[in-house]
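One chain, subunit A, links the two complexes that follow: it is found with subunit B in the first and with subunit C in the second.
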Partner chain A sequence: MSHQLGRLVAQILQRYCGEIVEKVGNDLFMYGSKPIAMIVKSTGLPRTQVIESLRTLMKFDLAMFEATGPHVDYRLLPENVLLLIRYPRYLLQMKSKYGTEAELIIEELLQQATCSATLLLVTIANKYKDDKDKNLTIVTLKDTFISLATAAYIQQAPVAEIKEGSEIPNLVQVATIVPDLDTRALMQAMANPVDIKDNIYWKVNYDRFHQDFRDDIMIKAMTRRIDDTAGEVMRLLLQQMYLSSAAWAEESNAIPVTDLRESSRLTDKILLHHHLEHYLKVMEENGAGFIRRAGDAGGGQYCVQAKVAAKLLVEDVLDHVVTERLGSKAARIFRLIRAKKYVEEEDIQKNAMLPNKECKQLTYKLLEEHFISVQPMRKSQQVSGTQKGIYLYHVKLFEAVHVCREMCYASLHNLSRARRQLVSEHGRALDKQRRVRTIVHGMRMRSETEESINDVLETLTPPEVNLLAQVEKQLKQLSTAELELDRNLFILNWYLHYP
Partner chain B sequence: MAGRGRGRGSNTSLTQEQMQALGIARGDNAPQILAPPPLFPKLETKPLPLNSDAATDYMVIVKDQFIEYLHESPAYVKANRETDGIERYSDKYKLLALDANKGRVLDCVWANFPPELRPQASRMRPSRKRKLDDSKDIEKRLQLLEKKETQENTNEMMATAGDDNKKQDDIDEDLEDEEEQEDEIDDGTDYANNYFDNGEDYEDEDDNLDDDPVY
Partner chain C sequence: MSENKTDDVSEQILNAVKKNSKGISATDMAAEVPDLPSAELVGAINKLLQQGYLDIYKQDGALIYKIKNQLSKQVVKGADNEEKVVYNLIEEAANKGIWIREIRNQSNLTNPQLTKILKNLESKKLIKAVKCVNASKKKVYMLYNLEPDRSISGGAWYQDQDFESEFVDILNRQCLRFLHQRADKIKNNPRGPIVGRTQSYATAIEVQKYITDLGISKVKLEVEDVVTILNTLIYDGKAESTVYPDGSRVYRAIESLIPPPGLVQVPCGICPLIHKCSSTGLITPQDCKYMNEWLEQ
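For the complex of A and B:
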């Protein structure tokens, strides 16, 4: 709940839902929870608009309400607002892992926020009915939907429970039951989508996606550190982990090697099957502590240490950030302090192999940016004036991660701001381009002659085209940077997730 | 404060030795900087290039699509636009585009929402006590009207055909005035004021602030 987070949340809301929602959201962010009348009072917006904004926020799970007696207070969920940036990543994950149908389902569900299964499938099927190269049928869509529900990428939305004597619903989480959709009923619904009476609502389970991201990161780390086969072993280990322990456990329950061997037989990698034990040994000794040998029973047991992995990755992120911000020498000092835990200033100078003055300067700079902390130790017996206190430098990882996260928020805000500036500066040209594109698209649809299409295209002058190309490139760069920052944020949050 | 007690006369909190230990020698002091730091400091190193592959392109496109979708859906709350009073040719189209979006309500699962957010919320506001609900009031009112009617009749008799209409208006006005006065005398509190809400001013004023708790 920091200042930077507030700025970022406001900026995101502005970009996605407009200024009025931003105002309401920001008001809620600043004051915690509030009833409608108070929002109306403090924002000065008309009541209808506040209500509309709250509807938007509630629909996309960006806010929630709490009922105390007859009054309803609303509260913003900033962490969910941040997830809006991550939506494209969810879709990419779906597309690469499960194909186009899954992507379409998740896309539609993200857009609708909550939707009943029948309506969702029917909408998609109707939307792409004429699209020959997608070749969708309601049957494949249904199967994909069921497999997504089984894999818990989508879950049932909370159900409203109304107590007697009050009109305010009480949202209760329900366990997801994989639906049994009838193809014939779906076909019928496709013909006339108006009378769909499905009242089981679904929504995207972000947590499941985050587990996937985490697994991908861990597998990629192993692949880069050792080789592809080690990555494959990691994947098998994680697969086994899901069977026996909680998804976000700090350390998984012990996984017997025999189970791994069993599942490795299913993969077609002979190398993996033959050298499984070797790989496990190497990973244990040289895999940065991602796995740990837990026992020897049954041919050996291994644990996946997710918390250790998160810590290592976060340290890497921090190293990287320090390197990029203050240079490699500062990064060396940072690593040195972290390795030595508590270290005096003189020792830093001795060990960092840097000129005294530069070393000091960099240390203070690190301190100034809150990457490292200092712990003063005083010798109380000696009262002489010249006696210096001992200052021990150390890295408080938790705090450093927080600092880094704030930086991410700040730069995300800046990016968004820069983008807004850019768009408003070139608004006219961008508008013109959009209009020309729609006209040309319409002409193509009517299959008009190339000549007349070219005539329309030429209304954009060459300097304008150049400018637009430049603006587009910049916008793309900003978007890419946003996605990258979000990746960093994911790792940082993963670490902070463990108490 | 430490310096004062030892009587060294220096106004800094650090002694000379400490300064030296920090690497600051005599005369080494940097000149004081009086200007604020620049708003956009220069980057010391070039930032890393962003990798752009098919996946990133895809994500950028998908993101823009999602934002566009939101902007066109009713989720994007627009302000009631104020015009500057000058009619423009383009207004017609702008208004058309606005109207297309205006009537649409966000499609939500209303059962999961508190009643005040549901679309019919405006109609579900607590109904106020109407003046005429009381049978006594009705009786009073009827008597009043009867009295007026008799008055009216006598007036009409006196009036000539020519200024009949004018007279009628006058009488109507009188009648209204009287009615209003009557109303106000009714029971002396402001409950008697006309509270009837036809919903017209619902948009521009929040009139039920008094319903809400005071914090």
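For the complex of A and C:
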């Protein structure tokens, strides 16, 4: 709930939902929760617009309401607003894991926020009916949908319950039941989408995706630290972890090696078959503490230490940030202080092997940027000139992470702002391009002659084409950077998620 | 004849003193040289003291005689008493050196006199002035032929009390290179990861040998010096260390757990002005020079 977060949320809402929603969202962010009348008053927007905005926000889970008696307050959910920029990653994840159908389903569902299964599948099927490349059939779509529901990437949306004598609905979470969709009914619905009577609504389960992201980070880290096979072992461990422990547990329940061996038979890594125990041992000792030997029963048991992993990864992020901002010498000091817990200035100089002056300067710089903290120790309460105080430097990881997160927010905001600037600067050219494309697309559909299509295409002059290509490249660069920043934020939030 | 006799007595006294390196008291001395009247004994001792063969100390109220270092005796030959006192003080300080103020306090000499003596001794190459690494203004004196202590000279990392950060950097890089040569052995080693890990480890002694063989260092590097360098590698996050069952420490080059995160890939993450950047004012993202440069790459 910081200033930077507020700026970022406003920027994102502006981009995805427009200015009016941004105004309402910003107002809610600043004041916490408030009723509609207050929002109308402070934003100066007409009541209908405010209601419309709130509807949009609530539909996409960006806001919620709290009812106390007849009184209803609305509240923004900033963390969910941030998820809006993560959408491309969800889609990519789906595409690589389950293929195009899954991607389309998730995309449609993200756009609709909530949707009934039948309607969702029918809409997609109708949309891509004529698309020969994709070659979609309602049957494969249905199967994908069911497997997604089984894997919990999608879940049932909460159901509104209205108590008697009250007009305020109460949202109740329901357990997801994997539906049994009838192919024939779906076929019929395709022909006649208006009379779909399916009233079980579905939505995307973000948490499941986040688990995937987390696993991915951990596996990649192991691969970097040891080798591919170790990454594979990590994957198997995480797989087993889901069977026996809560997904976000700080530490998984013990996983017996025999189970791992069983599942390792499915992979084709020869090294893994021969040296599973050895890999586990090396990972335990040199894998930065991602796993821990928990016992000897059943040929040895291992725990996945997710919390430790998050801490290590966050430290790595901070190291990178310090290295890039203040240089590798500063990173050395930063790591040194972290390793020694509490350390005096002189000891830093001795261990870091840096010239005194440089060392001092870098230490103070780190202090200035709030990556490290200082704890003065005085023998007596009175401050006297002769007595030299002892100053102990240390890293408050939690605070350093917050500093880093704020910087991420600020950077994301700036990128978003730059993007807006770019789009507005070249708005006319972009508009023109869009129009030309639509016309050309239409002409192609009507299969008009190549000549006339070219005529339309030539309305874009070469300098305009050049400019547009450049703008497109820049926009792409900005989106890539946004996604990278989001990955960064994910690690930070993962760490902060553990109490 | 009398000359001869005095020599004999001196010989006897010196032998007695030499036998007791911790010093000998006056009564013991009389026992060592029995057939001599005490008046003559005192005379002989005084002479030896004057010549600088003996030293006299006071211990528990009794006088103790000690043999004096022969070498230093020769060196100070021809020097006057003040010089001897100063020289002795400096000699006692050994390779830790002694500060000029300490000499003045202990010798009770005046400042100009002391400076003159020190200059004199320095010009004779009997003593030298060494600058202390901890305090740049502080000069300490020690005998000419002594190697300054690590606390004074700072060890291998200091040249004329300046910290040689470039030297450290070079060593740091070379150590890392050595570790890197081995580090890949853990990757998909056909003989299993434990063998691979063992092969990727290097002990400080191996690293020291490698560095010495390279011949980049003029100074002889001890194993502990190399350990300090290896420790900086650990603090750089480029190596890790483990202890072998036999207690020796081994090092291994590692990579960071994650590639550079998103924050450092965008200009804002490394922008020194990020905390001053806001929506309005002088520094704004709308007309940020860094951002534009980055976009136009």
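Operating definition for what follows: the second predicted complex is superposed on the first by the 491 of 499 C-alpha atoms of A that agree within 3 Å, B and C clash if a C-alpha of one lies under 4 Å from a C-alpha of the other, contacts with A are read in each partner's own complex, and residues count from 1 in each chain.
Definition applied: a residue touches a chain if its C-beta (ideal position, glycine included) is under 8 Å from a C-beta of that chain, and two chains touch if they have at least 3 such contacts.
No experiment lies behind these values; they were computed from the predicted model shown.
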item	value
First (subunit B), second (subunit C), both or neither touched by A:Asn356	both
Which superposed partner A:Ala481 touches (first subunit B, second subunit C, both, neither)	both
Which of subunit B and subunit C A:Gly18 touches, first, second, both or neither	first
Which of subunit B and subunit C A:Asn253 touches, first, second, both or neither	neither
Touching partner for A:Ser263 - first (subunit B), second (subunit C), both, neither	neither
Which superposed partner A:Asp228 touches (first subunit B, second subunit C, both, neither)	second
Touching partner for A:Leu271 - first (subunit B), second (subunit C), both, neither	second
Partner chain(s) touched by A:Thr43 [first = subunit B, second = subunit C, both, neither]	neither
Partner chain in contact with A:Arg89 - subunit B first, subunit C second, else both or neither	first
Interface residues of subunit A shared between complexes with subunit B and subunit C	324, 356, 477, 481, 483-484
Touching residues (chain side subunit A, partner subunit B) in the complex	15-21, 35-38, 40-41, 46-49, 51-56, 58-60, 65, 67, 71-72, 85, 87-89, 91-92, 95-96, 107, 110-114, 157-160, 167-169, 171, 201, 324, 327, 356-357, 360, 385-386, 388, 476-477, 479-481, 483-484
Contact set on subunit A toward subunit C in their complex	7, 217, 220-221, 224-230, 271, 274-275, 278-279, 281-282, 285-286, 288, 312-313, 316-317, 319-321, 323-325, 328, 331-333, 335-336, 339, 351-356, 358, 404, 407-408, 410-411, 413-415, 417-418, 421-422, 474, 477-478, 481, 483-489, 491
Touching residues on subunit C, where the partner in the complex is subunit A	157, 162-163, 165, 168, 172, 186-188, 190, 192-194, 197, 228-229, 231-232, 234-237, 240, 242, 252, 254-266, 268-270, 272, 274, 277, 279, 285-286, 288, 291, 295-296
Residues of subunit B defined as touching subunit A within the complex	6, 15, 17-18, 21-23, 44-45, 47-48, 50, 52, 55-56, 58-60, 62-64, 66-67, 69-71, 73-80, 106-109, 111-117, 121, 202-204, 206, 209, 211-213, 215
